[in-house]
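These are the structures, in structure tokens.
In the two assemblies presented below, chain A is common to both, partnered first by chain B and then by chain C.
Let's turn to the complex of A and B:
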């Protein structure tokens, strides 16, 4: 187990390093730089000062070395756009994105897995309806669900159509703040969770049907085990393997999906921040966002692997042995 | 289910192909007094002293530009004109037009016509990128599977890495480091290249596995013994085995690329606004306060949904019968 964790840690480190360095250099080589944000009337001296402050007067390699030297000490430089250290900005945005992603994944799991167990183990009109709904929601990616939900929110005015908090709520107590966030949360969470729930339902349904066809399930039925127990105790555990494998990959899809959802519903997460940084050529903010994104990815895929190991002893042995 | 999906897909493609004929108005024609005008209501009537019964519209008149209020000019009913000007149906401006089947956008352009033309750009880009990704993936995967060794190892590591990355962020980063304002043709080529770059590793990974197992079969040894060149063995004899897999991958990549274009254009990093695509049209929907008043700005979202649904139906229609546990 120790060796496995060490390898994953190394992978996470490499991922964060490669992703953040690549985006730093990409943003650096892009045409134009952050001094365009100074406006058309900036004097040459002001432009030169700004360039010097963000190390843009050095060669890309020298800038990368400087940045890497500081990043090791968890100093990711300053953001031009926000005129603040990148670390705080990025940490906050990543927390918002992670909250959105975790709640959405939890909701998708709670809805998708039981429904999949249901449709995978029996036929009839109810299962057909669930299957049809799944197919429908599979065809509505987060871009469309978020637009549609914003439209519904705008017409019915039941929920706020965007943002994470209402204006002015920051001055109040934390309980009021939490309540306000809770009101803003359902829309982006639903937009993100619906397609994932549909995917999980389809997967669980198929793998449940496969598991029930295997000899051990047939034998259990022949021994007279109640059908409900065959599904819940015997087949479910075996059917979990492909699902857990998907959780490892889901984190990428979750981040991709959360970008659009954050954009459409104005959720102040990593996606929006990265977009703003990229457009403004705010190099250090770009690389900070990328590093944070890489960290979320590595963490997510680690959890996926651990889940997989928990569900299937064969994988656990292989990973520990490797 | 499967057939329904195929028919829907074929219908969408033919509509895109016939866009100039089906669209009532040119996609870039600006109707200055009809910004965010609602859809024109079709009426089946024979107004007094106006001739035979048929489909008519009342021309829309601007009442208040500030409040975006319009009313129907009931004194001048205009008859729909079929098969004129090389269009299926239209109402010329001089005779009480325009015919706005899905309303107008923020510049007073016909949403329905733009939707049809947008299908060309969106689906065309997705199709080109898919073909490109499949070609690169098949080639790289084929070589890796056939050659084995270091090439194979490197490819496996690389595809593992790419598969972990959230694709839209990579596309966003690659697109945004290019100049933000580009000519439409350049954007098309650039987005096509970026999408292909993101799509090929997944294809290559699957093709590699197929070729590696095909290589061990007897027929491959026989061709080798006959003295065929490696390139010939790979292209003519081994790659056809991956055809089915490539077909499945195409159905996964195509909707993903349609969505990627829509997302990038929606956030302002895709095509310029002058080009009608589903993504650039969706920008109108980003105005939340107007969304409730002008729901037709969501029409491109519905179009994207139809494409994804059609592909999903065509692929997943083969539902296996669930096992019956209860007697």
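Let's turn to the complex of A and C:
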């Protein structure tokens, strides 16, 4: 197990290095640079000063070397947009995204897996309705879901139309702050969780149907085990394998932030920060966000592997032996 | 619509907070080193100037300076500071703070974005403080703008910032990581909290010096929250949902109808601010050193060619189609929104395709091969690409409209919308044929926009930062504008500027088609709103805003 974890840690480090370096260089090579934020008629002196401050007056290789040398010491440079160190910005945004991701994943799991077990083990109109709804949520782009939810929130005024906290929460106790965050969560959480719940439902449904046709399940039924027990005690665990494989990817994708959902719902997370950084060609913020996204993706992948190992002893044995 | 106004106001209620949305993060709390919209707005709320240009009447008002006298030659201005004014931390505000602020603006290490605009005759302003309440400004040359120049100078506290200036770190002072309590000012509000990506919170400055007409303390509000909402549709939804009270900028033409409905239902107030001071602009790159080898430059540089384009575009239809009727046709850079400097008799080019074709013929552009596009004698087609900013509805509609209009007279134009960064890169390198954009004038007084009018200016966008004027008419404009900027007699200034507008209208380095009418929305509970066509349309007067109980 130790070797397995060490290997995954090495993988994470390589992923972070490659993703952040590639982001830095791509942001550097893309047309225009951060000086566009100074406006179309900035003076040559202003442009030159800004380019020097962000090392854009050096060659891409020299800039990368300088950045990498600082990054080893956890100094990821300054953001032009926010005019402050990237490290603090990325850390705070990652925490906000993590809060969103954990709740969205929990909701998607609580909704998607039981519904998948239901549709995988039964037919009838109710299962058809669930399948239809899943297909709908899978096919609607997150942008539309987000805009629709924000529109509903704005017109009904049942929920805040965006943001993470209300303006009035400043002088309140932490419990009131937490409650305020909870009130702001449903919109982005639903926009993120609905397609994942639909994915989990579809996978679980297919996997459960396959498991129920396996010889062990057929034998259990033949032995007179109640159908509910066959599903809960025998088939479900076997059917989890494809779910765990996807789970790792879902965790990674959620933790690294959703551009669209966070932007439309004004959630101050990693996805929105990355989007703003890319739009402004804020090179060091882009690479900082990419590094954190890569790290969280590797973390999600590790969690997925561990879940897979927990669900399937054969994989656990292979990982430990490796 | 238009129900807001002092006459309709109920008795002013004190206390409460308003929430305004802004689209971008403030880059700093130090206006001296940043010109972004959020930093400028924060400077208005946290700092005070010596004088203020009223954004509604455009008149000069006493602010930290209570009174002043100016010498007959316009070079010496003696100002008397309002007695008893203190900074938000309780220290007295004196002439030393004014001198310190000027020193900071002109400090080479600070490299302030305000330095260029605080000059007279191209030289920095000099000042002395014979006593704590008096400051004497000496201008190197007379300035037609007089003390209006000082509206652009937020006064900063010497006792807090002098160590940073001495140490050469002033440019990073009052940055967004500075503890809020350290950001001392003389504005109506003090910084309470900044959460990146979320909001800036400002509380009432209990030591603010300005009083209401009844003698009571201002500001009325206890708190202003600037909520950061980067997406414009989300910004509109939030104000409609009652989560915010106002936005930081005007409405887009397409937002007018839903907001009017909300106004009719009593949820929002829709205000027509009037015609905006900035017109759209369409121009060709006219830099000879870049374009000389381009065979099309032979006719693009001819004023007749650009006049033909001006005749070919139906401005009435342009305003109707591109701005959904929320615009007025214009023929020059100064729009009817700039009431002081607008010249209604500027030469016009009424829509006339026949005249446009005749002008093209006069310079040898005729459709010789019958393909619908005119060519010169050598067969060079009048075919161009116009670049504009991607994602802004009316820019894209505007370029498409011009393309269709010009096609009728035989000028072929393709439209290439670009990301802002790429657009600016092309502009600065003169790597484009034509461009459509809406540059924003920094000052309503033309003498405050010499960077646009002078051939050496960095905003002289058809041929930026020329060492010597490229054309004779640009040389004449340079001379007239420098005279106008130094002239003290308002009538003579007006005459000189009309001559400039006449030259520009004849040579058309930039074509203007329409100036948008500006609309603004705020919550129905907001009181004391005095709208302005300048940004910020409402918060410029934040100390007099209140909310209904």
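In this section, the second predicted complex is superposed on the first by the 301 of 322 C-alpha atoms of A that agree within 3 Å, B and C clash if a C-alpha of one lies under 4 Å from a C-alpha of the other, contacts with A are read in each partner's own complex, and residues count from 1 in each chain.
Definition applied: contacts are C-beta pairs under 8 Å (C-beta built on N, C-alpha and C of every residue); 3 or more make two chains touch, one makes a residue touch a chain.
Remember, predicted model here, so these are calculated numbers, not experimental data.
Judged by the touch definition given at the top, the superposed model places A:163 against chain C, while chain B stays out of reach. Applying the stated contact rule after C-alpha superposition, one finds that A:40 touches chain C and leaves chain B untouched.
When the shared chain is aligned, chain B and chain C each come close enough to touch A:264.
Judged by the touch definition given at the top, the superposed model places A:155 against both chain B and chain C.
When the two complexes are overlaid on their common chain A, residue A:13 makes contact with neither chain B nor chain C. Touch criterion met: A:147 reaches chain B and chain C at once. Once the two complexes are overlaid on the shared chain, A:206 sits against chain B while remaining clear of chain C. In the superposition on chain A, A:221 makes contact with chain B only, not with chain C. Of the two partner chains placed by superposition, A:65 touches none, neither chain B nor chain C. Common to the chain B and chain C interfaces on chain A are residues 30-32, 147, 150-151, 154-155, 161-162, 263-264. If you check the complex, the residues on chain C that touch chain A are 17, 19, 24-25, 27-28, 34-36, 111, 113, 116, 175-177, 192-193, 195-199, 201, 225, 227-231, 233-234, 237-238, 240-243, 418-425, 427-428, 437, 439, 451, 458-459, 461, 464-465.
If you check the complex, the residues on chain A that touch chain C are 30-33, 35-47, 49, 80-84, 89, 92-93, 96, 147, 150-151, 153-155, 157, 160-165, 167-168, 170, 263-266, 268, 272-273, 276, 281.
Those residues of chain B whose C-beta lies close enough to touch chain A in the complex are 161, 163-169, 172-174, 176-180, 259, 262-263, 266-267, 282, 285-286, 288-289, 291-292, 295, 298, 301, 304-305, 308-309, 312-313, 316, 319-326. Looking at the complex, you find that chain A touches chain B at residues 15, 18-19, 23, 26-27, 29-32, 119-123, 127, 131, 135-136, 138-141, 143-144, 147-148, 150-151, 154-155, 161-162, 202, 205-206, 209, 212-213, 221, 227, 230-231, 249, 252-253, 255-256, 259-260, 263-264, 271, 274-275, 278-279, 286, 290, 293, 297, 301.
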